[in-house]
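Presented sequentially are two complexes of chain A, the first with chain B as partner and the second with chain C.
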Partner chain A sequence: MPGPLEFFIWCACFVLEVSVVVCAIRGKVFRRYLPLNLYMAASAIGDVLRFRILFHYGFTSKEYIYFYYYSDALLTIALYLALISLFVHVFRELGAEKYVLFGACFLLAGTALFSYLVIQQSTTKLVTHFVVELSQNLYFVGLVLTYVLWGAILKLRETRAQLVQLVLSLGIYFSLFAANYAIRNLYPPVSPVAIALLQVLGCFLPGAWAYAFLRLSSHARLTPSNLAVIPR
Partner chain B sequence: MSKKLVVVALAMLVLVGAMGLKTVVAGSGSGAVLMANGGAPAPPTPWKNGGAPAPPTPWKNGGAPAPPTPWKNGGAPAPPTPWK
Partner chain C sequence: MIAAVILVCSLASLALFLVSYCRSLIAAAAGEKLPLEVQEVTGITSAASPEDFTRVVQLLQLCPDRPEERGQLRAIGTYYQILGFVCSTIARIAPSLQSWADRERSQCSYFAAVVLGRRIAFSRDLLAQQMLP
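After this line comes the complex of A and B, so read on.
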């Protein structure tokens, strides 16, 4: 069973997730960034359900384990869709939304197919292996896409401060988890510490997005000199 | 049509890059699983339930010594293969 510190971090993360939605409604950008807010709302609901299942069945129970990993996969798909909505925001001025959506659907299908091909040799728990594999592969696709989006923001000289903050924080979030994953794989002895850090890292994204919705006006613009200049 | 093909090519490029990155990051592959949503404490993986030792395989019944294979009749030394 997790200790008081783990529960405190978990509760803090839940509060931050709820505050993202509240700040977005207060800042009148809930509908503009609807997929992001839906992801945060789903994440908060997932936390409540995980909390309930954890208390009812226990930390190492099958119920908690399966619910944790299946909900994680659904949340990763939701995060992927939220990232695609940020792509749509950036490429809307170019009139390339339909190509972005087509590419996103193709990439999601390709990732699912690749995940299936990887785990098809598994004889037991095929669906569970598929769900976890898809979640992880989609996570790395999201990581690469975030950096592609950041490159596009630089290239197109996007100046909407709120949008830039959202994309930047997403890139840092993905990178932190990838670094954590790498440390756990490359240095297994420090794995327990890295796993303990996961909870703290999970608070970063809701915190950064809550800050973006709370502090930055939806009309705020960055001065072009604040962005790296890349010749068109 | 050509624009859609470009999109498909870019999507495949992203997929290859992401899977390459995952392979690099996974390194020797200690079986770690990436969990990245919410602040809930991460449980063990679904296919590694608890710390109990793995049971014997279902087709290994009891502790009796394995019988000789059906095609090895008696204790005589095996002759060389006919084609040698």
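After this line comes the complex of A and C, so read on.
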């Protein structure tokens, strides 16, 4: 069973996920950022179901492990779709939504195919290996796409403060997770620490999004070129 | 090999996104005026100094915190420490970097003072709710 600290982090993460949806409704931006809010609601529901399965079957049970990895893969795909919705926000004025959606589907299918090719030698638990591999690869693809989106924001001089903060916090989140997975692959002995750290890192995104919806008005503007590491 | 490349790329992009994110938080708070009691307690009226940050954070620890602001303050704290490291190492060679880092650290102090103002208002609301019959 997880210790009191793990439970506290778990509960804090759940509260933050719910507060994202509540803050979005209060700020009247729930529909504008619908995919992001649906992702957060799905994460909160996923947390509740994980709790139930944990208490019913135990931490080391097959049921819990399978549910954990399968729900994680589904949530990663949902987060990928939420990221694509941010692309649509930025590229809407150019009328390029169709191309963005087509590209996103193509990239998702490509990532799934690549993940399958990597694990196809596994003779046992092919689907489970595929699910874990797909999650890891999607984090890196998500990171690259967020980097491209940030570049587009700078180039197109997008000034919506809320949108800018949502994208930047997503970039930090993907970077942290991609680095975590890479460290686990490079140094397998540190895996238990890295897995424990994932829980803490998971609180960052709901916290940042809740803050963006709570503190920033949907009309607030800023100059993204002032935020770039290398001033433009 | 691929894992090493992914690790390097992830850390580089993490640094880039973290700096930009911290600057976006600071930029959003820069427009807020400090309440009078915060000006009196901290001595910051219009512009903060780079050294004010530690003192304001100590004051912040005396107030009940809110989960949605904890992460942001931590991010700014990390950014402040990175800037401090830049000041004490690379900036000694490049003086223009020193003035840039000091300006950024001053804005970090101002951000912390804005959060202090919010926490004082939050504590006051909390107290008012408890006093209600």
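The definition used in the following text is that the second predicted complex is superposed on the first by the 212 of 232 C-alpha atoms of A that agree within 3 Å, B and C clash if a C-alpha of one lies under 4 Å from a C-alpha of the other, contacts with A are read in each partner's own complex, and residues count from 1 in each chain.
The rule we apply is simple: contacts are C-beta pairs under 8 Å (C-beta built on N, C-alpha and C of every residue); 3 or more make two chains touch, one makes a residue touch a chain.
On a predicted model such as this, the values are computed, not experimentally measured, just so you know.
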Consider chain A as the common anchor and indicate whether chain B and chain C clash or fit when overlaid. clash
Regarding the shared-chain residue A:214, is it in contact with chain B (first), chain C (second), both, or neither? second
Just to be sure I read the superposition right, which of the two partners does A:140 touch: chain B = first, chain C = second, or both, or neither? both
Who does A:72 touch here: chain B (first), chain C (second), both, or neither? first
Is A:185 touching anything from chain B or chain C once the two structures are fitted on A? First, second, both or neither. both
Chain B versus chain C as contact partner of A:148, first or second or both or neither: first
Contacts for A:199 in the overlay, against chain B (first) and chain C (second): which applies, first, second, both or neither? first
I'd like to know which partner A:19 touches here: chain B for first, chain C for second, both or neither. second
Broader residue contact with chain A after superposition on the shared chain, chain B or chain C: B
Location of chain B clashes with chain C - one stretch out of 6-14, 24-32, 42-50 or 60-68: 24-32
Residues of chain A that lie at the interface with chain B and also at the interface with chain C: 12, 140, 143, 174, 178, 181-182, 185-186, 203
State the interface residues of chain A toward chain C in the complex, per the touch definition above. 12, 15-16, 19, 23, 140, 143, 146-147, 150, 161, 164-165, 168-169, 171-172, 174-176, 178-179, 181-183, 185-186, 203-204, 207-208, 210-211, 214-216, 220, 222-223, 226-229
Sites on chain B touched by chain A in the complex: 3-4, 7-8, 10-12, 14-15, 17-19, 21-22, 25-30, 32-47, 49-50
Give the list of chain C residues in touch with chain A in this complex. 3-4, 6-7, 9-11, 13-21, 23-25, 27-28, 67-72
Can you name the residues of chain A that touch chain B in the complex? 2, 6, 9-14, 17, 43, 46-47, 50-51, 54, 59-60, 62, 64-66, 68-69, 71-72, 75-76, 79, 99, 102-103, 106-107, 110-111, 114, 124-125, 128-129, 132, 135-137, 139-141, 143-145, 148, 173-174, 177-178, 181-182, 184-186, 188, 191, 195, 198-199, 202-203
